[in-house]
Amino acid sequence: MAVPHPLPGNARCYPHRMKLALLGAGRIGQIHAANIHHHPRARLHAVADVNAEAARSLGERYGAKASTDIDAVLADPALEGVFICTSTDTHVELILKAARRKLPIFCEKPIDLDLAKVDTCLAEVTRAGVPLMIGFNRRFDPHFRSLREAVRQGEAGDVEIVKITSRDPAPPPPAYVRVSGGIFRDMMIHDLDMARFLLGEEPVEIFATGSCLVDPGIGEAGDIDTAMVILKTQRGALCHIDNSRRAVYGYDQRIEVFGSKGMLQAANPLPTTVTRYTREAVLSDKPYHFFLDRYPEAYRAELEHFLDVVTGRAEPLVTGRDGRAALVLADAALQSLKLGKPIPIPR
Amino acid sequence: MAVPHPLPGNARCYPHRMKLALLGAGRIGQIHAANIHHHPRARLHAVADVNAEAARSLGERYGAKASTDIDAVLADPALEGVFICTSTDTHVELILKAARRKLPIFCEKPIDLDLAKVDTCLAEVTRAGVPLMIGFNRRFDPHFRSLREAVRQGEAGDVEIVKITSRDPAPPPPAYVRVSGGIFRDMMIHDLDMARFLLGEEPVEIFATGSCLVDPGIGEAGDIDTAMVILKTQRGALCHIDNSRRAVYGYDQRIEVFGSKGMLQAANPLPTTVTRYTREAVLSDKPYHFFLDRYPEAYRAELEHFLDVVTGRAEPLVTGRDGRAALVLADAALQSLKLGKPIPIPR
Amino acid sequence: MAVPHPLPGNARCYPHRMKLALLGAGRIGQIHAANIHHHPRARLHAVADVNAEAARSLGERYGAKASTDIDAVLADPALEGVFICTSTDTHVELILKAARRKLPIFCEKPIDLDLAKVDTCLAEVTRAGVPLMIGFNRRFDPHFRSLREAVRQGEAGDVEIVKITSRDPAPPPPAYVRVSGGIFRDMMIHDLDMARFLLGEEPVEIFATGSCLVDPGIGEAGDIDTAMVILKTQRGALCHIDNSRRAVYGYDQRIEVFGSKGMLQAANPLPTTVTRYTREAVLSDKPYHFFLDRYPEAYRAELEHFLDVVTGRAEPLVTGRDGRAALVLADAALQSLKLGKPIPIPR
Amino acid sequence: MAVPHPLPGNARCYPHRMKLALLGAGRIGQIHAANIHHHPRARLHAVADVNAEAARSLGERYGAKASTDIDAVLADPALEGVFICTSTDTHVELILKAARRKLPIFCEKPIDLDLAKVDTCLAEVTRAGVPLMIGFNRRFDPHFRSLREAVRQGEAGDVEIVKITSRDPAPPPPAYVRVSGGIFRDMMIHDLDMARFLLGEEPVEIFATGSCLVDPGIGEAGDIDTAMVILKTQRGALCHIDNSRRAVYGYDQRIEVFGSKGMLQAANPLPTTVTRYTREAVLSDKPYHFFLDRYPEAYRAELEHFLDVVTGRAEPLVTGRDGRAALVLADAALQSLKLGKPIPIPR
């Protein structure tokens, strides 16, 4: 086939592949490792994990050095950037180490569950002058990005109502719930970030409510599994978020923005466009099962953006301040739930 | 065409047409008048309105007696049922008059804006032993009815989340807002009834918030035009309602029910199934403009059901208690808005 | 409820109800009888059927005279119009009788299976100067009408491809097939008329092919049950039609028009907008079961239009020439099938 | 984030990357080059093109040897497989050279425009005992693959009707049309292959018709730009294909399979799920613009499958016989168009 159409525009030459270290070889770390490996501008230089076998196997797969010694990995002068994908309680320490090494940092959300620690951390990062990007992957999803761009272009007019639906396919074990910081800081934090991303101004008030309807063990662990939140901005725009830890039909992630000029909706993308007409019903695909299936493009776009940040072509789209602001909202949601009334958002 | 397929099943014979009086010849009264006239089991016997010309013209159109004297109309011994479609402040008085006449009553919502008056009224109706049906037309919409039937059959499992979207195409004039009882008692009352219809148990708590974003005149009239409410039941199920007085794309009426076995959604029906693929986009129809276009089948089904009630074949699907309960929720929403916190629902 | 919005525009006064006679009290006759009865401008004056009981019961239901004597019915000087819904072999005779009585005529399709008889009939109708409207109900379906209006407005640009899908839920008995004139004259004739309606110019060539895949009894009766046709116009526009006598998911009626400016599609309307998300799949309603459920608005709009024809407000949208032209195409399709090659359309 | 869910299952180790040569560095060659480069089991070893600069720039981008000397490239003993993406008139010669080198071959469609040359070629390939895979990429599209798998599983029952829509966004220049072999051998050949893929048995008859409606230059080049074809199998199943060289709304690729148990449809996937509700309409995304945007997963899956073929894990899903069979159908379509009648398919 030699169709005489113009050449594709991506005929760029990539002479250099940035050497990145991955800290944390768990599930999300493996996603980033694969994307880094396959990216023409990046190279997985080193992998560190407290679990030696996890580090070794991932390193071997992509030809990267493997280690259990994070300090040694960070000391490598060839390094040009760091992905922090370890457990939440180690984020601040690793951010600070990387900042001292003057390395651009990508860190999975949340920065920490403790706001005071987050503030100290961000202050040091600022002093170090290194870019820090937080892993709110949904901002990079093509559907939500297109929606947000339309909002920014004024297609909905003045934003008056935002509705975010976010439901996981199955609840995590109660043991995880106990250390996760709870549904607001672990799960809804993504939606709270999305709310800020879409509202165009900061929420000034939050009301949260919820129930334990899915797994009594979650209630025994002191958490809820079904939650609703209403945010209000200074101007009076309203944002509703609903979360459930269990949607039997799969990962349900939808957004609606309503305003003076109309409404924008982003629906769940489906694996295939196949529809079946039978004697009983008309059937379509279910949504994707979970975030690894739902957000592959988002993870790739996130990396692309981070590489632009590292090379100074872009400011981080999701900064440490964004990471902090979402945590503030999550903490306020928790307080609202406990007090049973709306809470003003602290600045 | 003489296709040898079986005959349709509606080959019933209707020997009697029930003689109904219509009180109130305004917009919604005209809808009921037309439906009564065209129904094989009903006849529009009389029309009464304080506006003599409105009564006369409607009566003439359908061959019904016209009058400005409601008492005279109700005194007619031939009468078998009454439709009350007058302004809200006259509902209780007319219900009581009809009840004394032992006539089955259909009354548009709300019964009254004052709960004490409602209670007195319902007590008298009970004593009179006449059936009273309230015009929550959406319960009769085929889409919502199908959704509710699926919920009742357990297709969603235990109901955990209900979401109701209800937006008008354009705001009423502030002068109307002033006498309407406000957004909760005038507009959201339909959604509050729908919430009760779907939740399967009574809400025990309500939180309401809102803003005036559409028309400053509505704010000056002491009301809001954009509202959100969260209801919670004893069992912990959550229901969210959002209202706006202005959706530029038309009348937006959607429902979502989420539970342990899945999700049910009722979307906006569209005037036609025509899709246009152009150089710029793929275009579908907008939703219907407003309730007269959106709910014609519901008004017809409402009448059908009322005729069954009159003939003793059915209990009212929407009773005076339902009318009262929705008003209680609307009042509680208003109180929550004023106090800025959740309110327990009084019994 | 007394919302201060403008009154609906249908506040016309209908002083006169046109007296119509229905010939043929079968399934389709009953549809027309009900619509006539409920129409404010029409009255079912008389019903005639060779089956005395069928005539009597339909007449009783709607307060119309019933008879087995069509001549007597037509002789009634009060009559203002006639609906012919008898079996196809009687259409021409009854059209001629009604034409001699100078009555406006609505006749179900097809006029006759014999083209020579059709030509004689139409010539007499023309001489009599009475309007004759043929019951191609799909032209009055709101979805297809909206599609056609968009085509007429040039939204698709120059029409290049038309695709019509038309599938029945279940095959008729072979005994019916034997007298029906076959799939082209009994079933596809509707699609052939729709093709003419949409193409904007006459087809000049037709190719038909098909198989007996559904019911061997249909093959033994000399017919096929699965058919495809391609029409071509002078300008080179192409139209494809596919028919099946059995679609297990219901009555499948879709149209696609493609042209220089884009594409227009009319999909199957569905009974409700309810979608179910389960552990297994996402389910929507099936299409309507058959034409009585699918086309109620079309039958009502057809009557509305006929009343306008009777009162001289409109020319018939579907004339005797249209009925003839569709039959010519059906005959040519049959000839093409028999000869196994494309056939030029005779004028 | 360290969610305690199971690890993804793709934790395989890839010790070896197969060394592949790419012949032809044009548009489609560049797609394969990128996919080969990014695949963990493959390596782009060499690129050959008569255009030295095209070869050099692609080779540089992916670290592959570049050459204008195909013989030299094929002589490299390290080579493990070949991608032939040159112009159609060179396919046979290159297939034969690769076959003599005993290399597994991937060749873009069509093998050749001359059936006799194809037969000679396939005979030699068979003698050489090397696997040959033809690039009918649509068989690897996830939507169509899912549809086909459902057909194979019997979800549609016995297949009775297949409908394939295939429209390009814009016509190629007439100069290209002149050497392309015409619409049937250049464009519809994909659909003819898809028809065979879905029908489950060979077509025995074909009828083709068409017009030049888009670009008179195409007509002057002796071709048509709007085409319809009907295929019929021994059993009587019917397949319709429609092609247009210009769909202003984008690349339109849809399939419908209808049978005794229901219908399966594969619709156009859309870039995003965003819907816009405005004062004027409800808008969705247009389909993708053209095949490079529409079929990226298909090209990747095609490579994946070829690697399995090379390593002996799989037989080619698209063989030389398939390439030949599609050409036979395209030739028969052209003959039917010329003769103006259906043509039996030669074996």
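Order of writing sets the chain letters: A, B, C and D. Residues in each chain are counted from 1.
As a working rule, contacts are C-beta pairs under 8 Å (C-beta built on N, C-alpha and C of every residue); 3 or more make two chains touch, one makes a residue touch a chain.
In this text the structure is predicted, and so the values were computed from the model without any measurement.
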Most distant chain from subunit B by Cα centroid: D
Chain pair with more C-beta contacts, A-D versus C-D: A-D
Euclidean distance of C-alpha centroids - subunit A vs subunit C, Å: 57
Where subunit C and subunit D are represented by their mean Cα positions, the distance between them in whole Å: 43
Cα-centroid distance, subunit A relative to subunit D, in whole angstrom: 37
In subunit D, residues with contacts to at least two other chains: 247-249, 252, 261-263, 277-279
Touch list for subunit A against partner subunit C, complex: 247-249, 252, 270, 277-286
Subunit A-touching residues of subunit B, taken from the complex the two chains share: 158, 160-161, 163, 167, 207, 209-214, 226, 228, 230, 232, 235-238, 240, 242, 244, 246-249, 252, 258, 260-263, 340-342
Subunit C to subunit B touching residues, read off their complex: 1-5, 7-8, 11, 13-14, 24, 26-28, 30, 38, 40, 57, 60-61, 85-88, 108-109, 135, 142-143, 146-147, 150, 155, 172-173, 175-176, 261-269, 271-279, 290, 292
